[in-house]
């Protein structure tokens, strides 16, 4: 059976994600870092297992993508979380985010896995608490930048989406009264904002094809993120849900801006 | 018309072409007649049973509460909410609430309500107040029991809600309701402070929320505050306290 | 399969109203939080469907075309109110848990669909069987989804503990997502997937879908 471990984009993504992953491991401290690494391996194995199973059923070669998926999901996971929940969420994310669409990623599978985990275990995983990080993480956000620069240089980062998201957040914060306890810039450093916007939303597979549509899509994400953060006290992060919801609008935005037949 | 034969008339009605307006109206009329008879027959015959069920539901919740508290049968009293005085009868009228008074999201409330008092030797030991208010996506109905100081909460139960299963709906669970027992509604200055907080609670005025159900939790806190406040049983409780001092 | 029993047997798998025609989805999402609600809802639907099919078939030659749908809906709605009243009288707790969804059987596409497609054209006997068959086809899917959701969201089946919960000293942590409506959507999708993999003749023709999409 043929196995394709990496696609070209995969290699770039893995390289880009390694810096924030290292930063995350450093911030975790020794025990949590070992746990997160072990989870990463488990996620990789589970995702590969599903990938191989579906490849066999469909009689095609085993495609790439599980390492990128495992790194993203491991990065998004709050620390510490239980094993069982991660395995279930990985299976759900991989099968429903990818395999049922024949390997095409309409929405990022890592985020589908994350959303499943958040809804499944709102008050604790199989053995531990599932609490989203609500502190700003300047180090993590900073660590995302080299990878983003690499992707931008290689042309696999849709920068219009990032710019749109930054603007969307700013507009929302100006329009809505900013809570006293929080500095406005903290929203950019909070939770999974940097990872989500740079590596998931600006991904060519999920972002719209049309350039204007990318700006709108990014802006929509920014607006959604701030709306969820400010109006739902149960979701202090909101990035995963915003990208999932916003991603559904990407094809529509493409079509809306193209409807006179211009490209 | 001497020899009018209903059977023959029926047959000739059925024999009409369906497109005939007389037949169309006739069929519509007959279907409506039969159906309405069927519906009203079931509704009227089953009404006593349904009423008993609805009554039984809140009574069961009340008896449960009394069992938990281990106290006897309380006496129902009608209370006029605005003055706090006992009323002779319930006029069934309602008053509109202004938006800034309407903490529980009710819109309007009754002028006279039924409370349950348990007294011993002429002194009130326990009052049970029916409370209700808006949760996250449904109206919550329950009972709030106050101890003799009319400030310490003896129990809070709910018997009606339609919140998210596994999240907001957990307000129905006994362990969560038990968190309310012993909490203080108001502080030394008489300001009602009781509330549901996210995460770990501190002190006698705070109750732990349910994770994943912040809205439902704050709805519960708001409705308790509302019913203990000036629009709810506030005047009644104030009167009881004043009489207790005397 | 005898010709006579065909209306009863066929809708159970081969022409299942939920998995093949994808009808009755909203109630399948709403009432499948537990097996008992799914069971009562199925019973209510079977009752309504059977009687509406039989009654409509009985009077089918005398229903004027111009008021056809109104007559059908009047009959269906009346049957639904009767069921709702009976539940409120004899199964009060259950009717509270089913809330508006018994009433919404009126809008369940299976009922009106069978009335239009079958009862208006067939004899009362086979219409009755068709009603029962479609009701059973709906019921087993509801029960299956309700069973899976109840098992994984509460560790119970029909209220009996199967997987001992962590908080009661067992090992099972409930999956909260199973208590939420989207889980029924995913389970239903997996079920349709499974049925259509086993019976490829139920798969839609891909070329027709693409043609429809390409149309202006």
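By letter and in written order, the chains are A, B and C; residue numbering begins at 1 in each of them.
Everything below uses one rule, namely that contacts are C-beta pairs under 8 Å (C-beta built on N, C-alpha and C of every residue); 3 or more make two chains touch, one makes a residue touch a chain.
From a predicted model like this one, the values you see are computed outputs, not experimental measurements.
Geometrically, the chain at the heart of the complex, using CA-atom means, is C. With centres defined by CA atoms alone, the chain at the far end from chain C is A. Distance between chain B and chain C, defined via averaged C-alpha coordinates, is recorded as 32 Å.
The mean-CA centres of chain A and chain C are about 37 angstrom from one another, to the nearest whole unit. Centroid to centroid, with C-alpha atoms defining each point, chain A and chain B lie 45 Å apart.
Among the residues of chain B, those touching two or more other chains are numbered 167, 212.
Within chain C, the positions touching two or more other chains are listed as 176, 180.
Listed for chain A are residues 122, each touching two or more other chains. Listed in rising order, the residues of chain B touching chain C in the complex are 14, 18-19, 23-24, 27-28, 31-32, 35-36, 38-39, 42-43, 46, 49-50, 53-54, 56-57, 162, 164-167, 212.
Interface of chain C with chain A (complex): residues 173, 175-178, 180, 182, 186, 189, 193. Chain contact summary for the complex, chain A toward chain C: residues 84, 88, 96, 100, 116, 119-122, 124-126. Chain C meets chain B in the complex at residues 33, 59, 61-67, 70-71, 74-75, 77-78, 81-82, 85-86, 88-90, 92, 99, 153, 174, 176, 179-180.
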